[in-house]
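This structure is in structure tokens; I'll ask about it shortly.
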């Protein structure tokens, strides 16, 4: 079994980012190396000035889903994905890489991003480390 | 080659659930162990009182896509994903696990879910069994 | 490490198809065998008469995301995903398979598809070759 878990984060909605962070926590808890690669809308969500803002839910959540999530947050059931990911980083070997191509596409610099992002990386470097499952979220 | 196929179902639209069920059937037919993990909107879709209801298509399908799917259903070309998944369970070793965190988030109990769901499981347990590819749908 | 990278393309928006093509390029550059499997809206996007048309962005991109992509295209930063995929095919062992079930569902024949699509394949055959990570996009 290859211990490395590679997560490609593409989507920038809070529900998908939370699902991703939960997988990172689970992987780290099981002693796996976790490599997170940020593309497109997920990269935008990691901007330092937006990371704690409301990023909504996937369009398919519908009005019912959105209010179910709001109720869960009120009951204190929903932890922010950025907190979950920080916990994963404390628990295990979890690194967060910004996709160089997406950085260029959206004219984002490393300074624009939350400090949780460790570095900027090309897709070939990410692929070289992706010796286990690759999950696109 | 690791025979285990781990499917994380997040989306609750009929097109994505059908694509997931097709992969489960294909995996089971090839003799793979298939572990399905239900999160968020996919978990909602497995509620006993909703599983056979219309869950729509991914928003990107557009009006043309939706009518193409409707025509396919009329021609008897589209099997319900719940039937496909039940076939996969008959063919091979396919188990369906509800994500404990999502159950808590949406206040869903095991009794609310279709009997096709085998148990409730935490993400660490799911990850421990995920020795092969992990597919997020 | 299993060198095979299996990409299941489900979504038909230009942002997701570009992300997929980037992973194919990265995989091919690292010497991996890349198998692409086209289902649903991604299959539609590979129709010979539509492949170069505008397929929009994922709904979650939002108006800001759409204009950021438009600006990137104007600056010449965004290559078309079909070009990227053709480059991947030149660089390495990359094959594109249309899902037989989706072909049937949407009444598409091999002649309707762009020549980049190598053949039509069932899900069991795709699964038999999927000895490494499986990425659903």
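By letter and in written order, the chains are A, B and C; residue numbering begins at 1 in each of them.
Going forward, contacts are C-beta pairs under 8 Å (C-beta built on N, C-alpha and C of every residue); 3 or more make two chains touch, one makes a residue touch a chain.
Keep in mind that this is a model prediction, so the values were computed, not measured.
Student: Is it true that over half of the residue numbers where subunit A touches subunit B are used by both copies, so same, or is it different?
Tutor: Homomeric contact, different residues on each side for the most part.
Student: Superimpose the Cα trace of subunit B on the Cα trace of subunit C, which carries the same sequence, then give the rotation angle to the nearest 5°.
Tutor: To bring subunit B onto subunit C, one rotates by 120 degrees.
Student: List the centre-to-centre spacing of subunit A and subunit B in whole Å, with centres computed as mean CA coordinates.
Tutor: So the centre of subunit A lies 23 Å away from the centre of subunit B.
Student: Would you pick out the residues of subunit B that each touch at least 2 other chains?
Tutor: Residues 58-59, 133, 135-136 of subunit B touch two or more partner chains.
Student: Looking at the complex, which residues from subunit B come into contact with subunit C?
Tutor: Of all residues in subunit B, those touching subunit C are 1, 5, 15-16, 19, 22-23, 25-27, 29-30, 32, 58-61, 65, 68-69, 72, 77-78, 133, 135-137.
Student: Please output the residues of subunit A touching subunit C within their complex, sorted ascending.
Tutor: Residues in contact with subunit C: 2, 6, 8, 10-13, 39-41, 44, 56, 58-59, 99, 101, 104-106, 122-124, 126-128, 130-136.
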